[in-house]
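Here the chain labels run A, B, C, D, E and F in written order, and each chain numbers its own residues starting at 1.
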Amino acid sequence: MKIKIINPNITLSMTKKIKNIAETLADAKTEIIAVSPMTGPESIECYVDEYLSIPGIIEEVRKGDREEEIDAFIIACFGDPGLYAAREVTMKPVLGIAESAITVAKIIAPYFSILSVLDRSRKITEDLVANYGAKSFCKSIRSTGLEVLEFEKNPEEGFKALFEQGKQAITKDGAECIILGCAGFVNFAESLEKELEVPVLDGVKSSVVIAEALVRLGVKTSKKNSYKSPEKKIIKGFDNIVNVGKMFY
Amino acid sequence: MKIKIINPNITLSMTKKIKNIAETLADAKTEIIAVSPMTGPESIECYVDEYLSIPGIIEEVRKGDREEEIDAFIIACFGDPGLYAAREVTMKPVLGIAESAITVAKIIAPYFSILSVLDRSRKITEDLVANYGAKSFCKSIRSTGLEVLEFEKNPEEGFKALFEQGKQAITKDGAECIILGCAGFVNFAESLEKELEVPVLDGVKSSVVIAEALVRLGVKTSKKNSYKSPEKKIIKGFDNIVNVGKMFY
Amino acid sequence: MKIKIINPNITLSMTKKIKNIAETLADAKTEIIAVSPMTGPESIECYVDEYLSIPGIIEEVRKGDREEEIDAFIIACFGDPGLYAAREVTMKPVLGIAESAITVAKIIAPYFSILSVLDRSRKITEDLVANYGAKSFCKSIRSTGLEVLEFEKNPEEGFKALFEQGKQAITKDGAECIILGCAGFVNFAESLEKELEVPVLDGVKSSVVIAEALVRLGVKTSKKNSYKSPEKKIIKGFDNIVNVGKMFY
Amino acid sequence: MKIKIINPNITLSMTKKIKNIAETLADAKTEIIAVSPMTGPESIECYVDEYLSIPGIIEEVRKGDREEEIDAFIIACFGDPGLYAAREVTMKPVLGIAESAITVAKIIAPYFSILSVLDRSRKITEDLVANYGAKSFCKSIRSTGLEVLEFEKNPEEGFKALFEQGKQAITKDGAECIILGCAGFVNFAESLEKELEVPVLDGVKSSVVIAEALVRLGVKTSKKNSYKSPEKKIIKGFDNIVNVGKMFY
Amino acid sequence: MKIKIINPNITLSMTKKIKNIAETLADAKTEIIAVSPMTGPESIECYVDEYLSIPGIIEEVRKGDREEEIDAFIIACFGDPGLYAAREVTMKPVLGIAESAITVAKIIAPYFSILSVLDRSRKITEDLVANYGAKSFCKSIRSTGLEVLEFEKNPEEGFKALFEQGKQAITKDGAECIILGCAGFVNFAESLEKELEVPVLDGVKSSVVIAEALVRLGVKTSKKNSYKSPEKKIIKGFDNIVNVGKMFY
Amino acid sequence: MKIKIINPNITLSMTKKIKNIAETLADAKTEIIAVSPMTGPESIECYVDEYLSIPGIIEEVRKGDREEEIDAFIIACFGDPGLYAAREVTMKPVLGIAESAITVAKIIAPYFSILSVLDRSRKITEDLVANYGAKSFCKSIRSTGLEVLEFEKNPEEGFKALFEQGKQAITKDGAECIILGCAGFVNFAESLEKELEVPVLDGVKSSVVIAEALVRLGVKTSKKNSYKSPEKKIIKGFDNIVNVGKMFY
């Protein structure tokens, strides 16, 4: 089985970290392919970042579907950018890491909280929780106030900020499970779980096992209406992203 | 890995059918244990049936947790009876088949419909969809008007009824995926999918792969508040169900 | 008129207290019958407790309906355990005390809060409020942190804890009415109302007058679909509860 | 016990009919006072009608509270006009007939439909159902297309129209109980119930027994915030309505 | 273009202030007519006040529509009293100032808070936010604890109270925009915006530009069902308000 | 005042049509600039189309904000693609045409329906209605089954399809106002309104007058959190879209 994880930003150190985590967890027979798109921002913290990452994501899904015999796709950024578009360009299951973490959280706890990066992405996360039908499960979205790349540079400060917000989420907001709201937090999961004494979920790990599950189950994305293949049409630009805008259609 | 599937009714032919399906799908290294509780009704079609099945389910989970080294539990009736109670008596993941089918459906299609048995269980299903946060994903709940055991006796008539309602769900209600709302429908999934041309999901199969996924992921049910172990206390009755009411506490 | 109040736990001192309160309030011509089921836990604080109380509740409703000429039933535990099942086994009105207290609260105040026992039952209460359509009326659910039986032993400490949480509910959460979230709190209602200066409702008292009202109105539970009598079928176990599982069907 | 029923329109034949129904049902010791306000429209079918009935309703509640020793008030028009204002001018319980019918319906059936007069009042009814938290209980609101006063003139045609819509509500929309959405429908309740074979509720009857129940329970409207007495202030006009705008304050 | 602003209370100094603000903002060719109704309270702080203002509002709309060639109407009290009734008596657009402020807020910010007068009107505001579909946009409703006319007398204290609550709304509740919840706050908008560093919206100003926009767009209120003209019928009283209750019909 | 309308697709005939409509409606002193982005698809009918139009939209907003002294922006595709991102790159008001049409509809009618192009974009429209808080106002979303460009080629067939669906929306679904769910439908609005006898709204026209209103009102997009300017960071690709990914930051 081949699972392709697309880290929507172009920071390759993060892509590598994601690959490592995924490989530790995946079945021996599962091949993990982790890539960053050829175009996009170095980190994703706002709507502009998100939208500029999507053309590259679409191309990676297209390539995976047509040229690489991928069995399932994972979009590894907590805003799940381009998730519905990705489902249009392949029949293979496509998962977002926010979607996956929320899916697991709802099974192991009645209430969760999400630890996010900056206040500015609160709306992105809040809308996503609502759209996935998790509003009554989500007790709070709390931000650390640190930027994504800050967590790479000062992991100790990062841990402290996450622990502090996690503690508050549990004692004040009523969370019984914590979701880490950024692919870059994956290394903190284990130690946070020890300290906070509730399950701490990371979306990357959650998505890998669910992707394997869906492949084993043999399900395909429904092509009835919403996720049908895009119609053939003229698209200008995007020639730098090899085939997006040229070859789907 | 050991997965215990509890068919909440005492109809052993159904338990066996469920076991067969689960084994075809499960990983070679996964051991499937399928049981019916020692107490309960022969089929589950109303609230009374559901509640009378739960003490037996609790005991099977308790035994699985304490004596059988089970890694994950599945409650194989579409009403997910006793799900939250089961999560109190073990830290191992516990899944309902309705919960699992809905979980998978939301990933592969934006809208699903549920094909149910009798009109009388509509409220059970509707409440469950709402409680799982799937209200905006669920386009309709349609009943065939046939009783559970009828599908065993007249599979052809059963198929026809399911096909008819599935067709309506897709063309009139806007479903892009069909969920079979009864563990007893599992054998119809494949042929219905062929005829209806949208994914047709069965909860038993969905739950097996998700159970395996959660075990691989290593997550445990949160014991923070809602799903904490029950307090030790005096419980009268239930001596026939070996240990429920005596030994948890 | 005969009203049967079923205290779902087997602590008879509580059953007696409930009977006393109900009798003070009921019409002179109303006969109050208060029972604990023959099976079940000594107190109800979690899902397991709740479900193990239900077979006994069902039997008490059945007996009341077939043998005792009861006119209305009250399930006197704030989780309203088995309420929908009870409605299947009789046409006479069946009320839960949570349902009754919420019903009254919505008429006399725009916003209420619920004072609950332990944090662990928060999900039970939250789901119940949502299922009864009272989400926008309920400003908060606050727990005292004391166990049910503790209130029997240390009524002064119990009162203090309830007062403290009630005060917070009013000043911080915006409650304009307080609901006592446990049948065991009934004796505190009057003094709390005096101290908190907002209406303080107890479910037992609320349910008695509403039960009388429904009997006078002459309404019956709808037997159209959801609350139809259970179908005749084989049920194993429950022989200790005289007739449940044998005689309905 | 004295219950004052305010028929918000000035059609005295309807007021009398309401009084008769109420008296048949009320306890022997309950005195029913039924009035129409001194000002207002002859029937209530739109927002303008509703608002022009409210000053007179307020005055009737004020008078009942200060001069007539009333124990509970009922506003007998299905839009429950002025309900919240009425709660400001007295501590005695005030009930709307829509609120009362919905309250009873939720206890005896999981799903109801409302049979309304004209399409034009659909928004009034829909908002009221939403504001009372009954959205998930209400399967449909169906109009007969006949005006309120038409039902007085052609009761047979009225019955036929109500029966037809009730039938559809049950078979197509999934209602298990019918609510009559107009005080003027009260005489049809019994025969409709016989024909439709589900409970058919009339708000006047429902409100009388609930009003009696609340008086027996001894509860008062919360005066904490929302329903506090209006502040003393200058009000111009309304001198024809004896004291409204002059004497509350 | 002629826009008629109806200040629902009879405090003419406030009507004048509203007219001034509106005129500064309105297009050179727009004529602003600002009135207080002939009947009603001096300020609107509760349900009784609101309902007693509505007959006068209806008459002002009627007169504007039939005798004054008004192109659009604004009801200038934050509870939007009588809005739906006003839409029945004219085809010209009718706006509430709460509706208008919320409309603008949703376009320029994802989350707003409302600064209100007294706690007692919280329910009015909360219901209005829900009915306008702005629940997920509204982070909080905060009251200053000062009465409406207090802000006229002690503007400095008023400003301080508004600033304090605004600050809390932004830092604690997550508001990114502030709505002033009273027509009497209009003079504070500019200085509050400077101090709070987020947009501060006043409903009067918002409604003037939207009214002009709708007139330019040429849209009319739909007369299909809900907002159809009231039927001709007998109405008693209201003769002091020249024509209301006599001439619509 | 300068308003820039961005037609997100690259079909210039449609851009021109939009400009013409806008100019007829706009104030004499308003300058309308209408553009298609340099990159993107020829029509927008699915998620992939939508996302591939957004980088170009962002660049057009950036250029308008920094180089063209634009006062307000309109995104003229019914999915409102990139709306939140556009709000990050300018403080000037940015409107989507779906948002604008819904805004106007809610003021002139209690219930609307949307006439859409293909079934495949149903989810886009449904999510947008939910996210804008218009769920309880929207009675249905109906598709014509014709592709966007089809309406250009066969306007008569297009009209017929729109009329048919509009009729059904009014008589079956309860709509009292129709919203045209595609910028390309703008020429049908007037004749449809005549035939359907309810207001028929087009988003382009609605957005022009609201944009003018907001500019007159002088409001700016809140830069507190969600819509703050994007942080300066490295972005790969998009060099063909002159400055996006290079110059914001």
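Points worth noting:
Throughout what follows, contacts are C-beta pairs under 8 Å (C-beta built on N, C-alpha and C of every residue); 3 or more make two chains touch, one makes a residue touch a chain.
On a predicted model such as this, the values are computed, not experimentally measured, just so you know.
Any chain touching chain A that also touches chain E appears here: C, F. Counted by C-beta pairs in contact, the busier of E-F and A-C is E-F. Computed from the mean C-alpha positions, the centre of chain C lies at a distance of 44 Å from the centre of chain E.
Chain centres here are Cα means. That of chain A falls 29 Å from that of chain F.
Taking each chain's centre as the mean of its C-alpha atoms, chain C lies 53 Å from chain F. Shown for chain B are the residues that touch two or more other chains, namely 84, 110-111, 122-123, 130, 136, 174, 225-226. Taken chain by chain, the contacts fit none of the simple shapes, being neither an open path, a ring, a star, nor a full set of pairwise contacts.
The chain pairs satisfying the stated touch condition come to A-B, A-C, A-E, A-F, B-C, B-D, B-F, C-D, C-E, D-E, D-F, E-F.
Those residues of chain F lying in contact with chain D across their complex are 110-111, 136, 174. Taken together, the chain C residues at the contact with chain B in this complex read 10, 38-43, 45-52, 54-56, 58, 82, 84-85, 87-89, 119-120, 122-123, 127, 130-131, 147, 225-226, 228, 230-231, 233-241, 244-245, 248. Put simply, chain F touches chain B in their complex at residues 122-123, 130. Note for the complex: chain A touches chain B at residues 25, 27, 84, 93, 95, 99, 103-104, 106-111, 132-137, 170, 174, 176-177, 197-199, 201, 205-206, 209-210, 212-214, 216-217, 219-222, 224-227.
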